[in-house]
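I've put the structures underneath this note.
There are two complexes below, and they share chain A, which is joined by chain B in the first and by chain C in the second.
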Partner chain A sequence: MAHKKVVFLSLASDFGCQVQVTNFPELLEMLGSIDLSYWQLATSAHMPEDYDVAVIEGAVTTQEHIELLEKVRGIAECVIVVGACACTGGVVGLALNHDLEEAARTVYGKDASKVAWGHIAPRPVDAVIPTDFKVMGCPINPEEFSYILQRAVQGLTDHPHRETLCSECKINENLCFYKQQKVCLGLVTAAGCNSNCVNRGRACTGCRGLAEDANLEAAREFAAKFSLENELLEAIEVYNTARKEA
Partner chain B sequence: MTTLNVKHVARIEGHGDITIDVKDGEVKDIRMDIVEPARFFEAMVKGRTYEEAPLITSRICGICSANHAMTSILATEDAFGVEVGTKTKKMRQLLVYGSYLQNHATHLYVLASPDYLGLPSVFPLAETAPDVVSRALGLKRLGNELCTLVGGRPVHPTMAVVGGFTSEPSRDELLRFADRLEAAVRDAAATVELFGDFEIPRFETEGDLISLIDPSTYAIVGGEIHSLDHGWTKPVSEYRSIFEEKVVGHSNSKHVVVDGGTFMASALSRVNNSWDHLLPSARVVASKVGMRPTNKNPFLNNVCQAIELVDAAERCAMLCREIADDTESVLPVEVKPCEGIGRGATEAPRGTLYHTLEYDKNGRVVAGDVITPTAQNLANLEADMRRFAPTVVAKPREEFIMDVERLVRAYDPCLSCAVH
Partner chain C sequence: MFFRILQKESVSDLIKGLAQTREVIGPRAKGSEFVFDVIENPDDIVLDYTTTLLPPKKYFLKSKEEMMRYNSKTGQVSEDEVAVEPRVLFGVHPCDINSLLLLDKVFLGDYVDPYYKARRENTLIVGVSCMPTQMCMCNAFGTGEVHDGFDLFLTDLGDSYYVTCQTAEGANLIDKYCETRAVEPADVDALQARIKKFNEAFVPAPDTSEIPLLFDAKYDDPMWEEIGDPCLACGACSMVCPTCYCFNVRDVQDADGVSGTRVREWDSCCFSDFAEVVGGHNFRPKRSDRVKYRFYHKQWGYLSRYGEVLCVGCGRCNTACKVNINPRRVLEALTKGGEE
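And now, the complex of A and B:
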């Protein structure tokens, strides 16, 4: 069987997920089973006209991104979106809380018009084209990426974590942050990170985005018991402002 | 007139294009177009809490995430008048050095070395020179694991917060890690030799070399701003009046100048400005490959990064041993938000990073400002490109472009940082 041709593309992001992929030495071994045709971060080879799998990092913030995605969807049989920016809009989506022109003026001052190159409201990739696999997190976990990439090249389907982080956190026997009067987004965030932050004393900040099974109403009621309802809703904004409603 | 275009320069972090106009064998114009889209971080932090600010700014860059988080933490502590203990300060150094090991190993081996080995990427080396690849991956892994040990994960640290750390590594973990760091000094030294052997053009930047300095140590977390050419040293609190930001039409990143002049923020700047504070072992390997101050060849930035790998590995081993036996708590000290403006600076792998955060009395961000090392470097990079390109324009086209790209990569630009 011919190796699947894989390309790695990046939209508006911090490149952190690609860095995580380079942080994964086993990728080199995987190269024996895939043909990594384009990866601007790591190689000067040019983008090919034909490929099987497109891995996409970053949020959509320009008209050019939309055109690129539509072209990619027409070519790739499988699209994998990686990281919070691509999956939910991530932190990039926070700009939605501001008027775009004003945001540009905040950064560039009176010369903003010189550089405002067709910016559009930030959105996740699945707000533009259908996607086949999502690798959640900010940044992604490279082992999880590798697992999902292998499923993709084998023609299998996605099976995301539907449950919330609380399920993993309880197994890890962490104490609940609400008991210390602190907001933790484990209540509503997709599981799959083995509660890495909470294990290390930091409340979940929700980088994997809202879980499919999240019960927002129940979470609000729970937070309200600790008078943390507003704080909960505000904290959810960081990674979910641009999220596409299911 | 022929216009040569390199769209999305490969093996750099972010999206940038090179445009070169050539007429009758002469370079007429050369530009670095930064097409990376802006994400408007300075707008999006507005209204967020002081606890969220470092988490959000960390997302400016996945390579310099430890620096962005740390710099926002310093700015916030400056605004609120928070003082932290020496052990916390040492853990912070470890976190930033972890990102040096990670970044320098990645930049040197994965991004830069193919330039000198005549390869499109580092992947073919896995077959032909497996020892080099395993050395690269080993150093990178060490950096990742150091970031994880003190920061909670390799990218976007979760344990470092305003006031301290949410947890800390055990004594055993630290001592085991110190052994590994000491063992890595050899690999780091081999990296200096490898890059020292690569043939680089004889070239000198006309710009200044600016970095943080500290009278007591090799400055990476905090310090004062120092100019090599002009000899001045100024406090970080004055950075807004030292640096002038300019919006240029062809770049989504602003350009930065000092007194109208371009400058380089880089490992080259640090090694020149803080030479006396490099550990002796690092100075020895540096001298062996001919890197001694003052040296202003930007192509040597790669060698300087390798020198910093030697210094970082040995220094971090010492830091790990020191904090392993220090019983002081690193848990966050009490933080009382108040109205005020705070500034912070750290040395990111590619140069000095400055943040300002202005807060209201409830600890919510009123305004933010970020000046990244790559934004500081872009004007100088273009100035270097304009002087360097004519010296290689007679070469066959592909080689000519490759040489120009090599200069760009020597700067280790980070364009998602530059635009943010």
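And now, the complex of A and C:
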């Protein structure tokens, strides 16, 4: 059977997730199981008109992005979105807390409209087109990307972690940050990273986005017991602002 | 079975002796808490610990384990060989020893689990007595004492331990590696004083009479929404539970797209996809349904199958749950009412 044709493209992002994939020790093995037709980061060629799987990184921030996504969806049988920007809007979504024109002027100066045009409110990819798989995280874990890519290539369906991160933190026998009066987003964030940050002594910042099973009301009440309710809500904004809007 | 008195300063001799032929696992400090971990230096073991973050279950039913390797091109599958080094769990509390006996009924019963069995057979258990904390509830289930399931058991008498030698292997090892002496009448007196002190230290147990009957009678009671709606769906209760044994199995394809690993991992009935089936139907769509199910299985489902309650009152879920969902609260809500 011929290998599936895969394209890898970016919207608004820092290309960090593509870099993560290049860091993957099993990258060459992965390339042996797919036909990588286009990789925005690693090639100057044009994107082909025919492919099976589209891997998309980055948030939607321009009208051009929307047109590109609609075209991609019409061609690819399977769309995989990778990274926080593509999955939830990520930190790009924080622009929603500002006036967009003013934000552009802050970054590009008074002639912003000459260099940056067509801006729309940032949103995750699935606010524009239906997606089939999500690889969460900022940046993504290349092993998880490989696992999901293989599922996609085999024609399986996505099975995202719906539960929150505290489950993995318990398995790793970490001490809870709330006992030290510190906010941690593990209690509302989707599991699947093996509590990577907390294992290293840092509280969860929620890069995998709110879990489908998250119970925000109960989490707020819990944080309020430590007088951390506002800090909790503020921390949730970082990766979930565009998600909420979409 | 016979009994010995072991001076506390000789415990390190026993640990060093055991370490000659096996890996020694015991409770050690992690920040303000305790965990079961490899003991390389006998000074690291803390035998008067309160409880550990995870129970000893993690050494028998691993949180994540490879069941087999496969190759989808050749159709070859590796045999389920479980390589287990000889091991001793040193310093296990009665509740946790009892929890292993409950897991045995599941994994060594009608369908023997080779992974669990290999680890169980290669592991010696040295129990140690404890004092109840505010979270402990073994007094409700009679699991604060053990009669089986260990090789040696050390009851703390202050400067010494009253050692119960349950198995021949345990007895041989203690004779081989450390000095002990015969039990004297004063030791029995100290043992009795210790038992009294232990019993008096408990928070009174909730009423457990007719719990299965009340579970069925109150199946649709609003108490379940009140207790279960705040569930954060983190599954912390199941992860820290010494008797939760549900797992998920999935195949993880390698990057080459040909070979892969079948993996087994801990699961929780508090996750929303636990009771979801092909086609998308979910038998327990609400948080409160899932929380109710968890307690129902612990207090009634397992009991109907194996004749015992699937809770040893270790108190870990009580500590781990951020929204106050715990067996004491459930039992108190179930037994509330009926006053004249």
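As a working rule, the second predicted complex is superposed on the first by the 241 of 246 C-alpha atoms of A that agree within 3 Å, B and C clash if a C-alpha of one lies under 4 Å from a C-alpha of the other, contacts with A are read in each partner's own complex, and residues count from 1 in each chain.
One rule holds for everything that comes next: a contact is a pair of C-beta atoms (placed from the backbone, for glycine too) under 8 Å apart; a residue touches a chain by one contact, two chains touch by 3 or more.
Source: prediction; values computed, not measured.
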- Message: Following the superposition defined at the top, how do chain B and chain C come out on chain A, clash or fit?
- Response: fit
- Message: Going by the contact rule set out at the top, does A:62 touch chain B (first), chain C (second), both, or neither?
- Response: first
- Should A:201 be classified as contacting the first partner (chain B), the second (chain C), both, or neither? first
- If you stack the two complexes on chain A, which partner ends up touching A:22: first (chain B), second (chain C), both, or neither? first
- Query: Does chain C touch more residues of chain A than chain B does, or is it the other way round?
  - Reply: B
- Apex chain A angle, CA centroids, chain B to chain C, rounded to a multiple of 10 degrees, is 110
- Can A:189 be said to touch chain B (first), chain C (second), both, or neither? neither
- Query: Where does A:37 make contact in the superposed view: on chain B (first), on chain C (second), on both, or on neither?
  - Reply: neither
- Task: Please work out how little space separates the C-alpha atoms of chain B and chain C at their nearest point after superposition, in whole Å.
- Result: 13
- On chain A, positions contacted by chain B and by chain C: none
- chain C contacts chain A in the complex at 30-33, 35, 53-54, 63-64, 229-236, 238-240, 252-258, 266, 268, 270-273, 287, 320, 322-323
- Within the complex, chain C is touched by chain A residues 24, 26-27, 29-30, 32-34, 146-147, 150-151, 153-154, 159, 162-167, 169-171, 173, 175, 178-179, 186-188, 211-215, 217-219, 221-222
- Within their complex, chain B touches chain A through residues 8, 10-15, 35-44, 46-48, 52, 55-56, 59-63, 65, 102, 106, 110-111, 114, 120-123, 126, 133, 137, 140-141, 144, 152-156, 158-159, 161, 166-167, 247-249, 251-252, 254, 405, 416, 420
- Message: Applying the document's contact rule, which stretches of chain A touch chain B when the two form their complex?
- Response: 10-20, 22-23, 25, 28, 31, 36, 39-45, 59, 61-62, 65, 90-92, 94-95, 97-98, 100, 102-104, 106-109, 111-112, 114-115, 117, 119, 122, 138-139, 196-197, 200-202, 205, 207, 235, 238
